[in-house]
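Pasting the structures in now, so scroll down.
Next come two complexes built around subunit A: one with subunit B, the other with subunit C.
Take a look at the complex of A and B:
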């Protein structure tokens, strides 16, 4: 059974009917780390907010299904999100220092999560704090537990947040840019920690929301490429990196390579049209050099190939 | 902590000293001749000269100033030219009346302000919030004297809910033996419950008016800063951990709004100490505000100076308390700016 199963999820701005996310279909297997990548405006953060039931006002899920650990998280006639299922997801947000309450000591914050999410008594929770912090690799647990967030480094705060996310026992952790704003060495440590924690249990999975392809290539088993609120390509990370099928993925990886060897100044050969959320066809069609008239009018079909899926009309001709 | 307090008290003393100097010269610039007022309208030039000599008004300005400073250091604000009594004694005699009224007004303002702010912040942009915002907009545009007159007309004259605005006690009742100067407390201390109840009754309407007016800024700031705190990263993270809504409202919202709310309450406290001259006048409240109003109209300079200094000390003290509470409410604030 998948940890996360999303079937044709549609998220729209209520007043205008503009689809911010269109027909998102994906699934995440237990014990895996999946990278959700895309540039700004691709809808990757909107997707995690939709799963959390934290969509901004005026934006709502209009159709589709989403299941976490087999439980449907979209209920009711209007597909309005019901809070009760949110317990199966925990969100590790970006900017760890801002994610912790500045007016509470760390141990109080951890105790609070343990009491409210694991039904522990205050005593039970208090005795659990040190063990939990040690599990996420915090060295001087006693000092950290007694500190306020502003007294800790960003990396230490992120460890605390990850520890709190783990303590919720949610099978799905959504990590939204978990390493932005951290030093490169600390980034690596945090990523290794996440890897290790997922490796320790067979049920937990992590969905990493990021624009950092380097992080994705080192961390993720699976890759989901989003553009303009639409899935472009899905597949095992190594295969997608070695042999991208979708034009957008190709350009994304090319831009990474040319950036790495310094040969290009910006994204190559892709027109700089902004994302057009009004397009009835493929959202990438107004930037895609392989675009044909059908791309503009009809959403692309899912073309599966073994473990991989690409959403494109013209895969054969490319 | 002790060092910080010491520094702050030192700088407060400097502030008050500067204020004392300014108020002396400012009051000399005021139009009106105290000696003329004291001597009366039919006074002979000789009598006026005599009054000048008696109160030291014939001395050169710098000598008057030195005398004033010398008195201040000893806690002596001079002599009221109108009554001939010590200003210190008269102000201290009236101060408890003002403090009692201000304190109750402040409690009412905090209570109404924080509750209304919470009600609005729990339902942003829905009808309770809209109602609260409408009330603060209306309340903020009513002058205090007008609200007081309306309240007296409707609540005292028409409906008789509150007693007549004739001061701290009803006619014919004598004040309790003075211990704190707060009639409500002194009544209890003397075992005269009826006096306490009567004093509370007299206090109710003016305190309520001060409280309602003071609550407006507290309401607005409680509402705005709680809503802002609930939109912050840690509030989002708390929702991401699926913590319970009331807990998020308290810990992420209200708790993080607290420093700003304390600041707002400090401002209201300062306003109440200095600003209830009009309310005291309307309710015949024998406090320092009413004393000042009379003193200004009679060119009673020493009283004006004494009032300004006492209110200044109150203001500085409130600011110090706000800063101390602020550092308690927000662990990121280090007293004295030093890192621990």
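Take a look at the complex of A and C:
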């Protein structure tokens, strides 16, 4: 059974009917790390907010299904969020300091999570705090437990958040740009930690939401590429990197490679037009070098090939 | 000395109450015309403070900065010299005046330094915009109508319009998407080739540095710990800090398994710098000697300088 199953999820701005996420279909297997990648405006953060039930006001799920560990997190036609969904998903956010309560010492916050999410008594929770902090590689456990978030570095706060997220029984962890504000040496520490802790458990899965393809390539088994609120391509990371099928994925990877090896002019054929959320067809069609009239008017079909899916009208001719 | 930029023993200490923060602790380097030097390091290493001192936005506690033979204090105060050094900031959207249109933003240095009128500056303004790949239809736009990449181009056009000889670029691509980042870096490179301008490029993104810089200075707690040619440093880093920093970058190829022992610990505060080598608390090869000797930046071979008592001698690593 999949940890996450999303079927044709649509998220719209209520007043204008503009679809911020269109027809999102994907699933995540237990014990895997999946990368959800896209540039700014791709809808990657909107998607994790939709799963968490944290969409901004005026933005709603209008159709589609989403199940976590087999349980629907959207109920009935009104698409109300089912309360239990909050116990099935844990969030590691981009800004760990904002995720922690600034007026509360770390040990108190950890105890609260353990009591609420793991049904521990106060005594059990209190004896668990130091072990939990040590598990995420915090060196000076006693001092950190007694500190307020502002007294800790960003990397240290992120460790605390990861520790709390992993202590819950939630089978799905959403890590939204978990290392974006951190220095590269601290990023390496956090990524190694995340990979080790997820590797220790067979049930937990992580959805890494990021714009950083290097992070995805070194961390994720599966890759989901988003552009303009629409899935472009899905597949195993190695296969997608070795042989991207969708024109957008090709463009993204080419810009990354030419960037890394310092070679000159990268992919000039892709125009710099901004994302047009009014397009009824493929959202990438106003930039795509292979665009045809049908791309402008009709959403692209899902073309599956073994382990991979690409959403494009013109796959054969590319 | 024919260098465009000379930085000599630059030091800067911020004082707030009883707390002294030693942001820059004796930095020296030079930049030739048409050359790019990158200052890299983690947050708190002093790279941005150094950039602001070089651009004349702040006055150093001690040490000297000279550009094309003029002291930075003169450049900062003399309208005729001010054009020599320009700066591009990280958040270009915040660095542009939101109530002005692009024409006025780009032309401002000419209005202020040369006393030109907006209409008289028009030809040069359009030329500056064209050189960054924007057409004259952008003249009347306002910052909120620009994408991230476009506003960074406008900021670059503004920096270049006064024909500077040195441009200080503080994380110019950090807030841009990957594909846009590549284009802005290529643009900067092309402009450099055309005008022979020198760049001081501040970044924590090692891939950008590899793409644009001729030489790299790796900074840690206000000092340069290793400096040399980009290709040589990336191929063969010698300082333990540089080695740890380069290893921390995740590989781009998913077929490569990323197995490293991350560098331990975090950067200490610049207001409580350890004795001896400032890096020793995180260094894998530190010993008792490192606690007592403050390592100097010494030449190793003809193109590299290094500040480590264990690695500053020639030989195998």
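Keep in mind that, in the parts below, the second predicted complex is superposed on the first by the 313 of 318 C-alpha atoms of A that agree within 3 Å, B and C clash if a C-alpha of one lies under 4 Å from a C-alpha of the other, contacts with A are read in each partner's own complex, and residues count from 1 in each chain.
Please note the rule applied: a contact is a pair of C-beta atoms (placed from the backbone, for glycine too) under 8 Å apart; a residue touches a chain by one contact, two chains touch by 3 or more.
Source: prediction; values computed, not measured.
Asker: After the overlay on subunit A, what do you see for subunit B versus subunit C, clash or fit?
Answerer: Fit.
Asker: With both complexes superposed on chain A, which partner does A:303 reach: first (subunit B), second (subunit C), both or neither?
Answerer: Neither subunit B nor subunit C is touched by A:303.
Asker: In the superposed arrangement, does subunit B or subunit C reach more residues of subunit A?
Answerer: C
Asker: Contact-wise, after the overlay, does A:315 reach subunit B, subunit C, both or neither (first, second, both, neither)?
Answerer: The answer is neither, since A:315 touches no partner chain.
Asker: Check whether A:241 is in contact with subunit B, with subunit C, with both or with neither, and answer first, second, both or neither.
Answerer: In the superposition, A:241 contacts subunit C only.
Asker: For A:186, is the partner it touches subunit B (first), subunit C (second), both, or none of the two (neither)?
Answerer: A:186 contacts subunit C only, not subunit B.
Asker: Output check: A:91 vs subunit B and subunit C. Expected answer is one of first, second, both, neither. What do you get?
Answerer: So A:91 only meets subunit B here.
Asker: So, A:120: does it touch subunit B (first), subunit C (second), both, or neither?
Answerer: After superposition on chain A, A:120 lies in contact with neither partner.
Asker: Can A:218 be said to touch subunit B (first), subunit C (second), both, or neither?
Answerer: second
Asker: Enter the shortest inter-chain Cα distance between subunit B and subunit C once the structures share a common frame, rounded to whole Å.
Answerer: Least C-alpha distance: 7 Å.
Asker: Of all the subunit A residues, which ones make contact with subunit B and with subunit C?
Answerer: No residue sits in both footprints.
Asker: Enumerate the contact residues on subunit A facing subunit C in the complex.
Answerer: Where subunit A meets subunit C, its residues are 39-40, 139, 153, 155-156, 183-189, 191-192, 211, 213-219, 237-238, 241-242, 251-252, 255-260, 262, 264-267, 270, 272, 274.
Asker: Using the touch rule from the top, collect the residues of subunit C that touch subunit A in their complex.
Answerer: It comes out as residues 42-43, 147-149, 177-183, 185-186, 204, 206-208, 210-211, 244-245, 247-256, 258, 260, 262-263, 265-267.
Asker: In the complex formed with subunit A, which residues of subunit B make contact?
Answerer: Contacts found on subunit B: 232-234, 236-244, 247, 251-252, 255-256, 258, 329-332.
Asker: What part of subunit A is in contact with subunit B in the complex they form?
Answerer: 52, 54, 83, 86-87, 89-93, 95, 98-104, 112-113, 116-117, 148, 150, 161, 164-165, 168, 174
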